[in-house]
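What follows is chain A paired twice: with chain B in the first complex and chain C in the second.
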Partner chain A sequence: MPISIEKLSHTYMPGSALAYPALSDIDMTIGDGEFLGVIGHTGSGKSTMIQHLNGLLQPTEGRVLVDGLDTRDKKLRKKIRSLVGMVFQYPEYQLFEETVEKDVSFGPKNMGLDDDDIHERAFEALTLVGLPPERFAAQSPFELSGGEKRRAALAGILAMRPKYLVLDEPMAGLDPRGRAEILSLVESLRSENGTGIVMVSHSMDDVAMYADRIAVLDQGALFLVDTPENVFAHGEELLKMGLDLPQATRLVRALRLRGMTIGRDYYRMDELQDALIRRWNA
Partner chain B sequence: MAAETIIQLVNIGFQYAGSERRALEDVSLSIKKGEIVAIVGHNGSGKSTLCKLFNALLLPCEGSVAVDGMDTADEQNTLEIRRRVGMVFQNPDNQLVTTIVEEDVGFGPENLGVPPAEIRKRVDAALGEVDMRDYAEKASHALSGGQKQRVAIAGMLAMQPEVLVLDEATAMLDPKGRGEVLSTVTRLNRERGMTVVMITQFMEETLGCDRVFVLSDGRLVMEGTPHEVFNERELLEKSRLDAPAYVKLRDELLAAGLPVSRDAMDCESLADSLADAFAEKPAAHKKETKHADQH
Partner chain C sequence: MTANITLGQFLPGDSCVHRLDPRTKILLMVVYIVIVFVVKTLWVFALPSLLLVFMFAMARVPGSYFFSSLKPMRWLLLFMFVINLFATSGETVLLHWWIVRITKEALLQAVFFTLRLVLLVAGTSVLTLTTSPIMLTDGLEKLMSPLRKIHFPAHELAMMMTIALRFIPTLMEETDRIQKAQMARGADFESGNLVQRAKSMIPILVPLFVSAFRRADELAMAMESRCYHGGEGRTRMRELHFHAGDLVASVVLCAVLIGIEILERVPL
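Moving on, here comes the complex of A and B:
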């Protein structure tokens, strides 16, 4: 079953002088095992929207159903939070325990699992994120490098074995290698474990490369949710919203401006590269 | 005449108390007045430590740091050095101090004793530079992360420092915000001669810089123009870095026999070069065939 967002609106501090409508009338479904990219200008409502997916925020209007469970129902919230893992920006700031294993065990412990199960899940999650437990479990999280800390924080969420993983800018602040490692980890969670992924990113290249569909938010409204190809065909509108285009798309536009005829749009660099080489050899 | 050196590091060694590892090892570099330079390196390579040495937030364990000839180790220089070297950090939540945006931007100049009318002018100009003038009277806490960061940058600009150091200041901004910050610092550099030091994980942001310094495991492993640095693909890889996407595409196209310019590093220059290559392609082939026929 999917996550369905129905007529969702959210206003911060409603009824006060500071009332601020952050989301209006969002309708969208996130399928099982789908990789959904979420893009939008700063302040477009991305973070507000994803915080509704596990009930951290409640709709002012409309509703969000996670596998049929209404996030407005307090009694269901614990269940919903175990289904939807939420990884915030800079999750490593939330590491606090003495050892990596204790930190990763925090979530499963809160789920009320027994010690053996918790231990098994912690080791499984550490292995998944590429931090071999035999080497990392007993270390202090504060001795890890930036990229390792990020992965340890991610392991803490994965140890709850969520069905959906929601990530807010998971690559922010990482070096290029670290970014690639997190991306391939997220992709393998989807392809090997069937975890549904919702990833907020400013990198059009990353969402273009990995997402099945992309949701575009603009000033609190859903502008479009469609395949990368169809989304990036709206180049002008995206640019107007202050968004970028994938680098391949930008190059195609630049080549057209120089009089070259390019039959279709490209949003992935690898595909554009192949096309250019084929054209040269033709 | 060679430009004056504004920041000079000689044989810097640095180790945090309680750490077993040296954060910086034998780093020497100098930055000239009016230069715009980038410092890149993997997470934990020592970039942030390095830039905290620039305004005496940290003092070196070995070697010396001089700003405009003033030794940062001499406490009498600290205030003067900090007036000249303004820092903008990655996390805006640690930098905003007041509740209203324009008060925050005015906080620095006020502390420097700038007259109120002048503060007003500087605050308006600085907020304009980061495209946040509409938010002047808004509550700082209600801003998004990217908006806060632009306010923090405006706060530095309002103090009119000689050197602006941006420690991954664009890391949390969206593409438009990043573009605005980049073009702001580039303009400050070009038009006002402000020296700019940017630390960044976005390699493409360094393309407009005069020089790029590459740190790896606390050592300075490379220094050169963006062109020089991004041609050292192996060394970059070893330093956990990567060339910008258009540079990588250029190299792949070259390897496949497509005659694009080795100088192309960004979208525009690569498009120019590709358009030229394709425009000349059929003609060149025919000509060769003709020549072959004639001989």
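Moving on, here comes the complex of A and C:
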């Protein structure tokens, strides 16, 4: 069953002089095992929207159903939060335990699992994020390097074995290698475990490469949710919203300006590269 | 929940009270407190009351702030009134019912002390309503600077206050974020007994302290790389200057003080 967002509106501090509408009338479904990219300018409501997916924020109007469970129901919240794992920006700032293993176990422990199960999940999650438990489990999380801390924090979410994983700019502040590691981890979770992914990103290339569909938010409203191909066909509108285009799309536009005819639009560098090589050889 | 908490109760504005030098305002607040305390007779309170109304009007502060400044004190005010009402002995009985005995003297005394506290609280709130926290610390620093002769760290104290004020909203935001991150991992801050609830704060407090220390480190580094070396010889972006308004305000308050001294000596 999917996550369905129905007529969702959210206003911060409603009824006061500081009332601020952050989201209005969002309708969207996130399918099982789907990779949804979320893009939008700063302040477009991305963070507000994803915090509705596990009930951290409650809709002012409309509702959000996670596998049919309404996030407004207080009794269902714990269940929903174990279904939807949420990785915030700079998740390494949430580490607090004495050892990496204890920190990773925090989520499963809150789910009320027994000790053996918790231990197994923690080790599994650490292996998954590339921190071999034999070496890292007993270390203090504060002794790790920046990239390792991020992965340890990610393991803390994965140990809950969420059915959906929501990530808010998981690659911010990482070097290219760290970015690639996180991306391939997320992608393998989807392809191997069938985890549904919702990823907020400022990198158009990353979402173009991995997402099945992309949701574009603009000033709290859903501008479009469609395949990368169809989304990046709206190049002009995206640029007007202050968003970027993927490298491949920009290259196609630049080549066209110089009089080269390219049959269709591209949004992935690898595909454009193949097309250009074929053309060169022909 | 913690979003958008404005610090203190500063009301931005451009009235002549806002424009007064913060040093003048701090010193005049002391004079105002003296004024309220030298009043010995109930009807003489008319003068400081008029002064209070005048200050609110000049500062263009809406009257509703008079009540909101008293709100945190409401229980203390009530308590003071009731204690004075029942604990003061007197001759003229106004009401006698069962063990309740209210005398005229007690009633007057209760009104007197309550009024004094109301005037104190509402009057001093004019200072915080019209002076931004930064200006307030600037003014305090200047006022305390003569104490440097006896090695009192006036500048350091003011700098610490400024930095602390600056970081309150940042740390509030941070707390909110960490709290949400731990809630997403199933942390529960609302149920359980007192011990369990205190324990459930650990996943918030540890990351919060870690990040506060990190921020402090970064700030110290940033200040040092811009050659900060304490207050010695440091120039300021906002120089404090006394203007004609400061003189006028001082004259008004001193006149009220003298006026009260005279009224208190007039036999009625």
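We adopt the following convention: the second predicted complex is superposed on the first by the 282 of 282 C-alpha atoms of A that agree within 3 Å, B and C clash if a C-alpha of one lies under 4 Å from a C-alpha of the other, contacts with A are read in each partner's own complex, and residues count from 1 in each chain.
As a working rule, a contact is a pair of C-beta atoms (placed from the backbone, for glycine too) under 8 Å apart; a residue touches a chain by one contact, two chains touch by 3 or more.
The model shown is predicted, which means the values in this text are computed figures rather than measured ones.
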Between chain B and chain C, positioned on chain A by superposition, is the outcome a clash or a fit? clash
Per the contact definition in the header, classify A:56: touching chain B only (first), chain C only (second), both, or neither. second
More residues of chain A in touch with chain C or with chain B? B
Based on the superposed arrangement, let me know which partner A:185 touches: chain B (first), chain C (second), both, or neither? neither
Quick one: is A:262 in contact with chain B, with chain C, with both, or with neither? Answer first, second, both or neither. neither
Is A:146 touching the first partner chain B, the second partner chain C, both, or neither of them? first
Between chain B and chain C, whom does A:43 touch in the aligned arrangement: first, second, both, or neither? first
Determine, under the contact definition given at the top, whether A:94 touches first (chain B), second (chain C), both, or neither. second
Between chain B (first) and chain C (second), which does A:177 come into contact with in this model arrangement: first, second, both, or neither? first
If we overlay the two complexes on their shared chain A, which of chain B and chain C does A:224 touch? Say first, second, both or neither. neither
Based on the superposed arrangement, let me know which partner A:78 touches: chain B (first), chain C (second), both, or neither? second
Which of 78-86, 168-176 or 204-212 hits chain C? In chain B, it is stretch 78-86
On chain A, which stretch or stretches are contacted by chain B in one complex as well as by chain C in the other? 18
Flag every residue of chain B that touches chain A in the complex, lowest number first. 41-45, 90-91, 139, 142, 144-147, 168, 171-177, 201, 203, 240-242, 245-246, 248-249, 252-253, 256-258, 267-268, 270-272, 274-275, 277-278, 281
Complex contacts: residues of chain C adjacent to chain A: 3-4, 174, 177-178, 180-188, 202-203, 206-207, 210-211
Hey, which residues of chain A end up touching chain C in the complex? 12-13, 18, 51, 54, 56, 78, 81-82, 85-86, 88, 91, 93-96, 106-107, 110-111, 142, 156-157, 160
Of all residues in chain A, which touch chain B in the complex? 18, 20, 41-43, 47, 89-90, 145-147, 169, 172-180, 202, 204-205, 242-244, 247, 250-251, 254-255, 257-260, 269, 272-273, 276-277, 279-281
